[in-house]
Amino acid sequence: MTQLSTPPPLKTVRWFNTDGPLFPPVLAGRVVAVYAFQMLCPGCVANALPQAQRLREAFAESDLAVIGLHTVFEHHEANTPAALEAFLHEYRIRFPVGVDAPDPDGGPIPQTMAAYALQGTPSLLLFDRQGRLVHQLFGHPPDLTLGAAVQALLQSEKAGSPGARAEAGDGCADGVCVAPVG
Amino acid sequence: MTQLSTPPPLKTVRWFNTDGPLFPPVLAGRVVAVYAFQMLCPGCVANALPQAQRLREAFAESDLAVIGLHTVFEHHEANTPAALEAFLHEYRIRFPVGVDAPDPDGGPIPQTMAAYALQGTPSLLLFDRQGRLVHQLFGHPPDLTLGAAVQALLQSEKAGSPGARAEAGDGCADGVCVAPVG
Amino acid sequence: MTQLSTPPPLKTVRWFNTDGPLFPPVLAGRVVAVYAFQMLCPGCVANALPQAQRLREAFAESDLAVIGLHTVFEHHEANTPAALEAFLHEYRIRFPVGVDAPDPDGGPIPQTMAAYALQGTPSLLLFDRQGRLVHQLFGHPPDLTLGAAVQALLQSEKAGSPGARAEAGDGCADGVCVAPVG
Amino acid sequence: MTQLSTPPPLKTVRWFNTDGPLFPPVLAGRVVAVYAFQMLCPGCVANALPQAQRLREAFAESDLAVIGLHTVFEHHEANTPAALEAFLHEYRIRFPVGVDAPDPDGGPIPQTMAAYALQGTPSLLLFDRQGRLVHQLFGHPPDLTLGAAVQALLQSEKAGSPGARAEAGDGCADGVCVAPVG
């Protein structure tokens, strides 16, 4: 049985591609997909960010929020906000991207990355309409599995059926795993 | 509003990779994905059949049946059952594949292909748990869209909610379209 | 030191995409690339035949002959000439393709395949302008290596420099190997 | 007829992956391939730099020098040497990379990029063993064409035949074009 605890908020210092700051994981009753990435991470550039762009196209914005989170834990001097802005422009990434807040103690791991105990980049966090963390994955899932996981969250929430939702989030399937946090 | 009529049965003359004949689209309450293909169709070999294999892996067999249908409408002399058997072996296609029944009047279009008015190969037919045709597509859909469509059918049927099902099957999204038949 | 013996002729029973029978490996002073393949071999369809098509585009016909050889050693009942003709049409293969002559003793290995001791399909044979076998490979080489190998044969022959030619054909580099025959 | 003038030297302010500064295009009698790129250019990351890595593997270091040139003409604040160093590390680029010297007048186009009148990134410059510019291309060529072009330079130079070399570099073929400079 998976306990869906209240996940920590995303702590960010700046946002791109959005007028104001976002407060995920709770976003107006939408399902939320957060892609943690670094602009100099080859797997993020080749696999995860293109998947995020496909995901943005595959579902309505009113149903699903797709969000990038720049979780810089290495090469801090290269991964500046100015560099990220240029990167987002060149790679035509149009969905909102937040910059994870640096460790106040000067450590390399930013705050949201630490709060979710992310193993590295890319990582994917999927939240249901109530802002509960349902899936957490290091790497990127197959498109088929991801499409099914998002649809399961969209549909179970409509029915307001906790049973259906818990079932969808229970355990691991094809690389998408539930990560109970806290 | 999409009318979900009772679709025609698959008319086949032979099956591979299964002990007995299958009677889709009704298959023991499962969602059913039928890939109509020809073994000499480049788009089938490069895109649709690999997607069918991924789909087979992404969902449980007890929830989803993935079935191939060899709808030969050209090069009949090359697309013999013996050739198909060799093809399935070489391409490691393990899910059941039926051979569409030839036109009794000697025309080029086999019977199931004609009954569903398929435009060509590859084509995808998606049936819900009650055997109703929900999606029909010439080509192949994006994996994300297909994963969502299958999951929508799986989940809405559990709740027994016709409204949810109809909503999922209503209209076209990202290349997956409802095709009311009959 | 590689001895470049006179290779056996291609023994064929039929040709497609050409008016008359070809007599490789000697083809009017051109360099000759022969792709041995089977139409139901996944690696041939996905890798070797597309490379043969790129190779056809990359060099002038007056310099390089690109030829397919259908070396059927399995699924003989499926790999009929009628099936091959349909396959070549569907995959838009426009260069000449010969059908390797069956074993007169009824064995599975056709005559040219046996004469060259090919290990399987796809295989590549590269002949110089004098019809001498210079490279023989099971699989397919990287495009960069193949482009260099063809160019080396084209250029050394112009200079009539046996030394240059022998050097190009000497040993193995990146998967393209000399196979002294006989 | 292509005039092979003496090309301008690469003007650089820093080198990575090499002990000392390099002085291309003249590099100890080797053929030299220079890939002009920017670390935030998607086509460079997806196509040109992987090709440069394959090219490095396909030919001997004693025959061919493969060199990167970071020609930053946009997003200067993001494309710092520190960022480039991190990029080269993450993408496992091991061949020497020089940083094109900034315009002393403060313009956006760096000096080598201006001297060769490069249209953008990626661009490829191919020099023969005498340091003469033979091919210049905006984009990246097919691997087959590039392999042939490099081999032509390697082989014609051995024979010391200006005719052979001139022929190889004459005009355009498959996207690789001679660009007489000066």
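Each chain gets a letter, A, B, C and D, in the order it is written, and its residues are counted from 1.
Note that in this section a contact is a pair of C-beta atoms (placed from the backbone, for glycine too) under 8 Å apart; a residue touches a chain by one contact, two chains touch by 3 or more.
Since we're looking at a predicted model, the values are computed, not measured.
Centre-to-centre spacing of chain B and chain C amounts to 39 Å, using the average Cα coordinate of each chain. The centroid of the Cα atoms in chain A and the matching centroid in chain B are 34 Å apart.
The distance from the centre of chain B to the centre of chain D, with each centre set as the mean of the Cα atoms, comes to 51 Å. The set of chain A residues touching two or more other chains is empty.
Taken as a contact graph, with one node per protein chain and an edge wherever two chains touch, the assembly forms a single closed ring in which every chain touches exactly two others.
Touching chain pairs in this entry, ordered by label, are A-B, A-D, B-C, C-D. Put simply, chain C touches chain B in their complex at residues 40-42, 45-46, 74-75, 77-80, 82-83, 85-87, 89-91. The part of chain B that touches chain A in the complex is made up of residues 54-55, 57-59, 142-152, 155-156, 158-159, 161, 164, 168, 174.
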